[in-house]
């Protein structure tokens, strides 16, 4: 399936020769980039909008209060909007002791870092800005840039509270990156790819296909990942950087107005980000976990891919549902993070580091070794790499088989992509899109398709 | 990629290299000098990756740059530890300020 | 076109960051500009379809090493904002040194005709008259190809290389694995010397070749593969090739050749493993230097 | 051919017989590093002296290295054949006689240094594991350097050697001079490594390969007849120069020597002794390998470039020796004096390398005669290295033992020590005489070999004769400052109230004697012949591989 929202496709649309909306190459790329950024910014900003409200509401309920009730109806729906308007109105202060330029630029770096990570995040099958083979790696890399902003904010504020917060944050985030990457690696060991879309595709089918249920190690890894991700987003109980009871507000003590709120948007956005990643890595991504429904949705998507235009309303609808499911799963995990925040007390900084290096890191290493050894040991012992024979139980297929299907499909897509590259995509020339049809048919065959040449041969022999 | 060829990338690498050398030569702050080193290493890395794309160096170039990134991180770790040690003993990080060893 | 625009954007960011690092007087700002420069370099890596290297640069360099440097700055800053004052004299000196280096690099690296170099490595730096004529009079040769051939090559002016011992030049060409394995209409090692020196053709140093022209020339002589040896996937996706290269399999070269010459295709498993030992040693060393000296119990 | 068979082929290459087994000494060191770390996990460092593991590891590895050295040289009698050069790990490392020679050299030296630190007690019981981890890590890097067959290993080896040694220089972290020395060392060292890497990138890009054995042939194919008007030639020269800058830094050669006195004065004498010998040896092996990789191409342009390179190296060597000796004259600190003497000796050894390059790139091409003469140069270099190991380590060991007694390293404080501790005084005298290059000691033989090869090289390029003269003058000049130390030690009397030095024979005196005796043996005994024989074999095998 061609990524329908991928920048390449929109850019190609505007590049078609002989149409009234044809624009130069560069402009087409820019337009596509703007469209994508706009779409993503909505997720980015709206999530913050909703989660801030949710946070207040949940906090209220946990503390036996009502939380916001007035603005925008019964549940205070628009409380975040009111907050936002208030923050915009506030004076933009910059302390005289601060390093002005760095002080001003730090919130933007924080925002940009966590926003940039959304580039490679698939929300549904093909709904991804950049469908990279190393999506998870890039995502972790971009996420790690946020720490720079925090450190700069802490340093440039010219206040000791901020400096303390910044230093703590740097130590904490850099340390927690290691178990974060390791625990994310455990489902990767099972799946054999870093491509997030492929990982999610592999989990289509019944609930048992989700990677969290793949083996005991991925099951534990999910909880480790969740804990580490919470720390990486500097959320309670790991929110040492802002610890308001000891550091006043940590790195953002001196900030006010919109700049202050940028830090929060970045925080909530990365909360959602790590939650969606968790849902893709462990919880099936955009798949429902109910075999027939997933099969039906996959069929709809495939039919769209097979159609001449490369997409159909059916496939779009299936993807919309997928997108909603992904976001729901992410939101659920964010809710748990909020819940944890208002339940658990904050750790001390030494306890935070102790947790990381003495517990989480060894646990991750053991899990990693276990995840590698598990299929090998099982194959030696019972002759198949999985504990339960899903095929015999007629529920599902083993992961290896699913991974192979996904790989075959991806290869066929690539081959079609290479074939279609020199000319303008057929979809916009109004010709029957042979490539796409072929892709679907080849993918259905699950044959050993090895290169573009083989795809072509398969086509000829038919 | 019309108009952009190997030379353009090498130019960027050269700029990074020259800036790094000048940085190393002029900064007296030890950590500033280390930043110059990072620039030089990156100049070489840009070269490597560009060569890996445009010449028969192939993947060797990318491999090399990966190792360089890792080695640079190791070097920075030791350098920082030594700089902290120096600061603890001298209360400064100025390379020229250390004047007990001369002759 | 897009590639070019993005390249110039990233190149400008990188260079501006690098220059700002040099000019900056405040250490923390230097670090920020360094982040800009290295981030721009990561963008260039993505442009070069080395996505894994780019992501590594972001994760380890920008997110790790620089944070470490900033950390160091913060721990060692004596004043609130450490400023390094450079005297004008030093500034001029630095500018002079920089200019000198730029001039050196301008006269060497940046003036090389890299595409001609690739042709030379493929054994096409000097072709026999036979091969040249065959290529020139090939059927269906387009006008542009003919002009290219005529402009890129000139009759060899130097006669003295005939005096060179003949068997020596042979291995030099045959050494090149890409050139040695293609038995097309390529110049056989002996060809160069079997004809009188004046009848060989060599690359015209006055004519700089573009990548496309070099590839075209190689194709005309039947050695396309040698020049376009680096078959990097255009869209990145270098993780599998890199993983294979770790073991010594080189998908960017011809797979069938790998096995026969296993000893000459470097795999990177050893450096990968040995670097881990190095990192262990370095971490122990850094931890030793950074912690305060433990006092013995007896001493207190 | 399918994927699986290719994979099997690649995996076979890393198998025990082809690579891992040959790599056993390095593996032993790696394992001992991990063991040092794990023992701390179970608190074994409380009761187990930390030097035991490195000592055991280095002796075991030394045993293996010596065995394989004799195995390789026992197998071939007379003139070695070029085919005997082998590579490990898909061609990344060379497994030839030079690798084995340097292994024996480095591991033997490591064992001696570990013994020295055990006796002088410079890392105390608390810091022992840290110190030995750094020492072993650095040695692994040196062994990689000495067997590098690929530009990545060249860079990796240098980094693996330098980075732990930065930390070792700063190991006495409470001392101001120590931290200052380490800081300067790391800043300059990192810069040199960066410049070298840029040079490597240019070389790799030009030739399309990072494998050193094919560099020469690729460059021959690449270089035109334009000489320095051709930008490619200029770039090759620039790249080679940048790589040589990195190596020159490790060798503390003249314009890049400035870190050396500071680092040696700030570091403990044991660390100074280690760095001065081991890193020199490995760096010279690497330098020889790198320069040999450049030699043997067919292009006239490359040959003239190499010739210029050789003469340039000779000039730098002469400048280094002169500078080292001149600067040593005014020193008051023994370690600093020895540091400048180290610089001067690097100059002498570099003269041998320069002579080799000149001889291999003469007008006659690389024929058998040129190879024979070049082999003599390498032989001289190796002999010199072997002698240098003992004389320098001896001197530094004596400095360390005396420091433990009188708490000083100033020359003036050494007054009368020669009579107070006659054993150390006598050994110091032998070491210093050998460093000067006086006849009955090993230093003379090594220096003589190098000067002889310089004389041969002079027949190809006159400049080498000038360098020979400068070298001889330097030897005479160095007499003065070495003798000054001896004069203070023996002719002046110990001042009233000065700390009395008591060095017992066991074990310190015995160790010093153990290190000093080989100087006599290598200077005037049948051992000279067998040593020179071994060096000849190594050298001729190495040179025979040049095409």
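Order of writing sets the chain letters: A, B, C and D. Residues in each chain are counted from 1.
Convention: contacts are C-beta pairs under 8 Å (C-beta built on N, C-alpha and C of every residue); 3 or more make two chains touch, one makes a residue touch a chain.
A quick note: this is a predicted structure, and the numbers were derived from the prediction, not measured.
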item	value
Central chain (distance from its CA mean to the mean of all protein CA atoms)	B
Chain centre separation in whole Å, for chain D relative to chain A (CA means)	52
Gap in Å, rounded to a whole number, between the CA centres of chain B and chain A	33
Gap in Å, rounded to a whole number, between the CA centres of chain C and chain B	17
In chain D, residues with contacts to at least two other chains	152, 156, 159, 163-164, 167, 170, 173-174, 202, 205, 208, 210
Touching two or more other chains - residue numbers and ranges from chain B	17, 20-21, 34, 36, 45, 50, 55-58, 60, 63, 67, 71, 74-75, 78, 81-83, 85
Where chain C touches two or more other chains, by residue	1, 52, 56-57, 64, 66, 68, 71, 109, 114, 117-118, 121, 229, 266, 268, 271, 275, 278, 282, 285-289
Complete list of chain pairs which touch one another	A-C, B-C, B-D, C-D
Chain C contact footprint on chain D (complex, rising order)	1, 5-7, 9-14, 19, 30, 33-34, 37, 87-93, 126-127, 130, 133-134, 136-138, 140-141, 144, 150, 152-153, 156, 159-160, 163-164, 167-168, 170-171, 173-174, 202, 205-208, 210-211, 214, 217-218, 220-222, 224-226, 230-232, 234-235, 238, 297-300, 365, 547
Chain C residues touching chain A - in the complex, by the definition given at the top	1-2, 5, 26, 28-29, 32, 35, 51-52, 54-59, 62-64, 66-68, 70-71, 74, 80-81, 236-237, 239-240
Chain B partner contacts - residues on chain C that touch it in the complex	1, 3-4, 7-8, 11, 14-15, 18-19, 21-22, 27, 30-31, 34, 37-38, 41, 44-45, 48-50, 52-53, 56-57, 60-61, 64-66, 68-69, 71-73, 75-76, 78, 82, 84, 86, 90-91, 93-95, 97-98, 101-102, 105, 109-110, 114, 117-118, 121, 178, 210-211, 226-227, 229-230, 232, 238, 241-242, 245-246, 250-253, 266, 268, 271, 275, 278-279, 282-283, 285-290
Chain A residues touching chain C - in the complex, by the definition given at the top	11, 24-26, 29, 97, 99, 101-102, 105, 132-134, 137-138, 140-142, 144-145, 147-148, 151-152, 155-156, 158, 163, 166-167, 170, 174, 177, 194
Chain D contact footprint on chain C (complex, rising order)	104, 107-109, 111-114, 117-118, 120-121, 123, 125, 158, 161, 164-165, 168-169, 171-173, 175-176, 205, 229, 247-249, 255-256, 258-259, 262-271, 274-275, 277-278, 280-282, 284-289, 293-294, 296
